[in-house]
């Protein structure tokens, strides 16, 4: 009985945080994939400077940890450049999407490079232009290779949204922490519930990842 | 607001560096825990009773797809409050358990892919040679399954290193905590946080290169082309 | 006398320090069918890959239908051709690969329609009609909506030929198109090439290990050895007895 009552108290409060968690996730997904494609293509560009700069970005963001990047963007960046990132929302979204964008750009690059050379050659033999070869032949196959990996990153991004509570965003975990500090004996149920919330959000992403894996099995000629 | 100051940088540097020992030892402790626990997952998910196997797979999925930060909080704040079995744990131990368990589910998958990559003929051959079950594993299967996974496992060491600063949130005094403390004390966050970032880069980048080399060498040795270093991805047919 | 369709003038090709082709001189006449034979590693594939612009010659020039393939004039000087120039000249050339290289993400029909639509800007209806016509011709009219992974190797190779033919090339290159096939599938592919050859209009270069077939359809046979054309002539000259020691021993391996 006590548990049921406590659940009644806890649930409605936690659910307030869902909106923030989901919006941070969605914004990070969009921006993260965008970053991944832009950076991935830049690293394949013929322009050396572009390649070097993007390479630097990728190595820096893959070489440091997300929580450090988040704090840096939130606390340090505004001091250094005298500009605010906008809000803690944008600091969170930027950190997550730049971090995972860097990782995923390697997937974009690797997938494009691992489309079999014969595919480009066949496209050349059909007299396609460089752009047509990429658009019609290489890229559609590379995307199929990227998809399952991209699916895995969806779940990683979901998990990482919990960090925004550390810079004061009112997400699920934030409300969980509030509840815990007001009544420590509730802590087990509160955090279990928080975990279950995240798991429920993860379920469609897990399902999607499986789907993408199935889809990507067809239609790729890799080296 | 004043921007970058070298004075602050050099003042903060030793303060931040003080946390490096903790960060590194926590990394190693979490990693070893995950390596050992990962084995546990790999074996219990082979239990031939379907409902149990099914349950274990879902527990792994649950741990893997929920945030490690929340899991840390659960172990540190909530576990002591759990009736009967709950005990209070210090931050360091909580972090080892939290991050160790979280990443053991990933490591368990690495082991599994290694084992699945061993040709089924090897099982048959070892049966034909009348090895005991134990011998099959220790003499035939594992010696073949583990070496190809070494680069992947190495990757997880680096990933763990970058995940460890999460433990600053429950009070483990690693480099990130030190930087935050310095920031709170002098209201200067830029330099200490930059130092943390630099330390991470300095330590993880060379290791990443090392592992990359190792991986290339392994791939050559095992005559296996892994796309993006992923295990278990067969060579696609050329159409 | 006709102008040659393709002219190789002292073409050399090195990969790193290794010189693979050591001065190739060759004229291909319009509608001529040339078979290229020779031991593995002698440079057969490299010759036709340079003609297809997949490999750049180290020196020498290749003239296609009067146009210099790998060089172009720029403010009075000869410079290495750019992509635009290559596209202009290679439009007349088609190629069929040893490993088919079909586009796995497209159906058979799409494989044969994509280039006409995007490269030649044909409208969709006529590209489709022609693709179907060609696929019918190679005996795959009933597989239009299949994916490459769903058909046999011999069928894949026939699709690859249809895909090249829809572009109406004046020159067709075949690189050991049957050597990746199971023996029982070889004949169906050779049959299609025979048909194309008998129509007569195209210049064809066939790199092949099928000696019977080469004797059948070639007007001329080249024996490539160690990066040079060591012997050439009509099929009966080359396959008859020859003074060339290496050609003899090469051919002996095919007679049993």
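Letters A, B and C name the chains as they come in the text, with residue numbers starting at 1 for each one.
In the analysis below, a contact is a pair of C-beta atoms (placed from the backbone, for glycine too) under 8 Å apart; a residue touches a chain by one contact, two chains touch by 3 or more.
Bear in mind the structure is a predicted one, so any value in this text is a computation, not a measurement.
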Label of the chain whose CA centroid is most distant from the centroid of chain B: C
Centre-most chain [mean C-alpha coordinates]: A
Contact-richer chain pair (by C-beta pairs counted) among A-C and A-B: A-B
Interchain centroid distance [CA atoms averaged], chain B/chain C, Å: 53
Chain A and chain C, separation of their C-alpha mean positions in angstrom: 47
Whole-Å separation of chain centres (CA-atom averages), chain A against chain B: 19
Residues within chain C bordering two or more other chains: 99, 101-104, 149
Multi-partner residues of chain B (at least 2 other chains): 237-239
For chain A, residues that touch 2 or more chains besides their own: 116, 118, 220-221
Chain A residues touching chain B - in the complex, by the definition given at the top: 59-60, 62-69, 71-72, 75-76, 79-82, 106-107, 110-111, 114, 116, 118, 145, 149, 155, 158-163, 166, 173, 176-177, 180, 184-188, 190-192, 194-195, 198-199, 202, 205-206, 220-223
Residues on chain B engaged by chain A in the complex (per definition of touch): 1, 3-4, 61-62, 64-71, 73-74, 77-79, 81-82, 86, 161-166, 168-169, 176, 179-180, 183, 189-190, 193-194, 196-197, 200-201, 204-205, 208, 225, 227-228, 230, 235-239
Partner chain A, residues of chain C touching it in the complex: 52-54, 83, 87, 90-91, 93-95, 97, 99, 101-105, 114-115, 118-119, 147, 149, 160, 163-164, 167
Touching residues on chain A, where the partner in the complex is chain C: 116, 118-119, 121-130, 132, 136-137, 140-141, 144, 218-221
